[in-house]
Amino acid sequence: MRAPAASDIAAGEVLLSVEDVTLSFGGVVALRDVSFDIKKGEIRAIIGPNGAGKTSMLNVINGFYQPQKGSISFKGETRTKMRPYDAADGGIARTFQNVALFKGMSALDNILAGRTLKMKRGWFWQMLRIGPALTEEIEHRKRVEEIIDFLEIQAIRKVPVARLPYGLQKRVELGRALAMEPDLLLLDEPMAGMNLEEKEDMSRFIIDVNDHYGTTIALIEHDMGVVMDLSDRVVVLDHGVKIADATPDEVKKDQAVIDAYLGVAH
Amino acid sequence: MLGPIIETLIGGLLTGVLYALVALGFVLIFKASGVFNFAQGAMVLFAALSVARLSEVMPLVFAVAIAVVIMVVLAYVIERLVLRPLVNQEGIILFMATLGVAYFIDGFGQTVWGSDIYKINLGIPKDPMFFFEGVFPGGILIDREEVAAAAVCAILVAGLAIFFQVTRTGRALRAVADDHQAAQSVGIPLNYIWLIVWAVAGIVAIAAGMVWGSKLGVQFSISLVALKALPVLILGGFTSIPGAIVGGLIIGAGEKLAEVLLGPILIKTFDLAGGGIENWFAYMLALVFLLFRPQGLFGERIIERI
Amino acid sequence: MASRVSADADTFPKLLVRNARAFGERPAMRHKDLGIWQTWTWAQVLDEARAYAAGLHRLGVRRSDTVAIVGGNRPRLYWSVTAAQMLGAVPVPVYADAVADELAYVLAHADVRFAAVEDQEQVDKILSVSDRLPKLEKLVYDEPKGLRDYDHANLRAIDDVIADGRKALAEDGKLASWLDAEIAAGKGSDVSIILYTSGTTGQSKGVVLSAERCIAAAMDTVAFDRLNERDEALSYLPMAWVGDHYLNYAQQFVAAFCTACTETRDTAMADLREIGPTFFFAPPRIFEQMLTRVMIRMEDAGVLKRAMFRYFIGVARRYGEAILNGQPVPFAGRLLYALGLLLVYGPLKNVLGLSKVRVAYTAGEAIGPDLFSFYRSLGLNLKQLYGQTEAFLYVTAQPDGQIYADTVGPAMPNVDIRIADNGEVLFKSPGMFVSYFKDDLKTGETMTPDGYVKTGDAGFFDAKTGHLKIIDRAKDVGKLRDGTLFPPKYIENKLKFYPNIREAVAYGDGRDFVAVMINIDLTAVGSWAERNNVVYGSYQELAGHPLVYDMIAKNIEETNRSLAEDPVTAGAQVKRFLILHKELDADDGEVTRTQKVRRGFVAERYAPLIAALYDGSAEADISTEVTFEDGRKGSISARVKVRDVATVPVKPAMGKAA
């Protein structure tokens, strides 16, 4: 059974919730009894000092890590662990902290790879390049071109991504995630290592994705200014434990947060 | 003098085709999973044994068809029992695992199919063909089986190239080769891809095993052919399908020519015995290549960015 | 002069009507959208422009209004030019990368009531200075992305304006015939366009050009280069630059050829390859960039390929230009050149997108002779032209077969040139401007009483060829303290031929010797660093690297040897240099929008560095303010090293005697 389409869930209702998740590696506890939810249509930030378990949380959501305890509900379906394929198939796309692109391929092919699950024709038809497979290929290419246009990366379409500067690689990675037409987009430090101008571009893309496609976004980010500007709600982790979950303004005033995070970092 | 040289060259090139076929199996698996599959030689032997023994009781076509099924099942078992539990382990550990798989398949093949020397009859006349009899005294002698082998290899390679360049599965395979996690995040099932490459490598092994077996007879020494694939890979690059083919041809032709041309010189000038050149030449060539072009002829250039 | 232009073809809208009738089914314009090239025929362009004009009229555009056009090379922005002209309004293209302040100045000065812009970026920019533009009423935009939630009271999508106009034309027969009458009412003496100069000195000036003069000028060059409706050109240079308006508008309408707009500002080189134009126009810096890319690719290529490239480029240097000029060449040379064409020049031109080019021009500033010869030796019919906005581009151009790298050719047909007593070049030409917009004082200063235009350039006619030679800006050519001639541009262009050097600024006027400040080319030097395991974290660090200094020093020493060959320039060899820690940037006012260095401004800004160049110190500290693209300011400081370079001894007898 496929999970119900996200369109069944009204904006503002819970799209994904994490309940009492505990994850440990050997004796090291990365997440302890963490619960929070992501509502459809919102931009949700996950923040916390280094080693707080933010990336682990994303990895649990998209199935790279299987928690020892707890459950994940996505589009109303509850399970104790996610698997990467099911996450992708269900509509969860993500980017990585240290850009994980297919280095040998062009930007275009990287984004096309994001269409993998949307392609339905078997490899036999694709090899022949006729009939339904061809129409399908053209259709996918069209969607990819729209994304290229949206992200303003026409000039690097055919360039092998390994040759691109870091900021553009991040953009291609976002493009690949968008090509999946996700219901939930996980962004792991989308602005790490960017200069001011690149950060502004990326912020604009994130807001546009959220506005125009209605995509729900969960992001990890270190730049507090960006977090405060972009996000609707913020969950704060510290040493694998949730210490706050509120609007950006409230979080800013929260003493526990200031002690654990803002006080340390700034 | 020119006639025999051309004959040697052609003979060498055709042998090279076989090296290329084996090397191709290595490249496929290395590209997709970063595993150096030591069991490739054993797979060739196993495939050849299957075809040889099955063809004793049924027409060759059916024997090959069943061998394909056997190789796919073998791929499935390896993926399930060896690769999946070892996912995300170091390359050296996976390499050790394939070493174990190699010995298992070698032994298991003998357990199932027996350990004698078996024959594969491809139904191609054994008598060689002669060309250019008007140009060279005695003409040029070419083995029909080797021509057939070259044709099979060409078809396989063309099919694989199209498969990997054009199809979604091919694109997915290249994606997996580049970055496992990223591939998973766009919904490419790793296990499925591994199954596919191991199965394809198995099918390539059938082709190699049949041709080789028909030439030399199916016996344990076939699995040692895998060792010849190593210099081919060093020459062609571990990740390049065209590299495997060109590398195979160079090694095949090179070692035969060295035997014929270099041998007499060594005997005459240095008063050496002059034999066995075919055994070491390929490795020497590979060593020279390692020194000057470590990424191979077609391998991706290794550029470390800071 | 105007009599050569007939009354039914003396404005651009009339030419469009003529082209739609004569070449209706032929392609007029292309644009790559979502990865696919879209094409419009002349008939379709006329249809779009008419509907657009009707829509603009309904928005309130009236005769003599000025309409600003701000954005990249996009079909709808070119149609904005035509649609405005159809209504008798005056288009004013503005550089798309102008910062808000510059934009505000031009829009206010030109009294624009309407503006057609490319996208959200330009809309935001204009809205940010709207308090300085009281006359501006409405904005129309091409690219709706990001503009959905804007207040649309005074904002429209160009597509909606066109649709509205089309509907109105279909419903109201009277409107259609009124529009036809408006087009017919246009006169050759009407103002066709106002082009604001990029302003090497001071504020930019609005150059007013009339329709009949634009058309007359374009007719001469179309005939000169035998352009016709089967030609194809690429539109990628700023629409506000006279070169683009000349090539991709005036010449396009006169010859009825097809213009292809690049997909975005950054895709020009890829689009060039795909389109394969037959007529190509590029300022020297584009040719420089192309050469740099080729050189980098060759450095990364295999040994065999590199050796082949070197060898055949050598062959081309020996025979290529002679073959192109139709001069006698030994048979073996021809044979080698033919082989090179097959193996190197052909593929190379193909990669660059130049294989179909029949005529190529370069202008805007002097091109380095070596760079120029390089392209010509490949068999590319590259020619120089000399001119300026006030001439509607050209004064002289090199005719086929009479190419001398150091001259810009004889006067074009119907152009009259005079050299003033102070060496300044004066001209009278078919396309010459009418006046500076709202600036009679400047107009008066630039025109001589007998109607010649002062170019501000110093030059003379070469005795041997009769072609014009431009030395430098009349006011820039200087003298060292000992009286030796110091032509800064000449030295800089020689230096800029090296792929590692992106920009060079030479000083020497009134000084004891010549010294230069260098900007390295990040692409070329970065790739070199990668190949040689040179570690660097930033532009600044790379620029200051001792090995980079060594490499640049070698380039300068070579330049010195070449300067020493000519007794006139031998005294102007470079004695000291430094590498700047940042790229000279238009946003900081260091170069103009067309990438010309503002020498005086740079000298002021980097005064401590110049002092160090001349007082013999080995390094100097500098701190400069920089402007980011969004207008914010920051500052960069650095310690910059200064180096001496070897010069070739000049024979004193010759130097002093002269």
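The chains carry the letters A, B and C, assigned in the order they are written, with residues numbered from 1 in each.
Keep this in mind: a residue touches a chain if its C-beta (ideal position, glycine included) is under 8 Å from a C-beta of that chain, and two chains touch if they have at least 3 such contacts.
All figures in this text were calculated on a predicted structure; none of them were measured in a lab.
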(request) Grab the C-alpha centre of each chain and report whichever is closest to the global C-alpha centre. (result) C
(message) As a test of whether you follow the contact definition, which chain pair has the most C-beta contact pairs?
(response) A-B
(request) Provide the C-alpha centroid distance between subunit A and subunit C, rounded to the nearest whole angstrom. (result) 43
(request) Return the distance between the CA-based centres of subunit B and subunit C, expressed in whole Å. (result) 57
(message) On a C-alpha centroid basis, what's the spacing between subunit A and subunit B, in Å?
(response) 42
(request) Would you pick out the residues of subunit B that each touch at least 2 other chains? (result) none
(request) Send over the residues of subunit A in touch with two or more other chains. (result) none
(request) Would you give the residues of subunit C that are in contact with at least 2 other chains, written as numbers and ranges? (result) none
(request) Going by the contact rule at the top, pick out the subunit A residues touching subunit C in the complex. (result) 141-142, 145-146, 148-150, 152, 154-155, 157-158, 196-197, 200, 204, 208, 211-212
(request) Going by the contact rule at the top, pick out the subunit B residues touching subunit A in the complex. (result) 162-163, 166-172, 174-175, 177-179, 181-189, 300
(message) Show me the residue ranges of subunit A that touch subunit B in the complex, using the header's touch definition.
(response) 62-64, 84-85, 88-89, 93-94, 96, 100-105, 109, 112-114, 116-117, 119, 121, 123, 126-127, 129, 176-177, 179-180
(request) Flag every residue of subunit C that touches subunit A in the complex, lowest number first. (result) 32, 34-36, 145-146, 148-149, 263-264, 266-267, 270, 628-630, 632
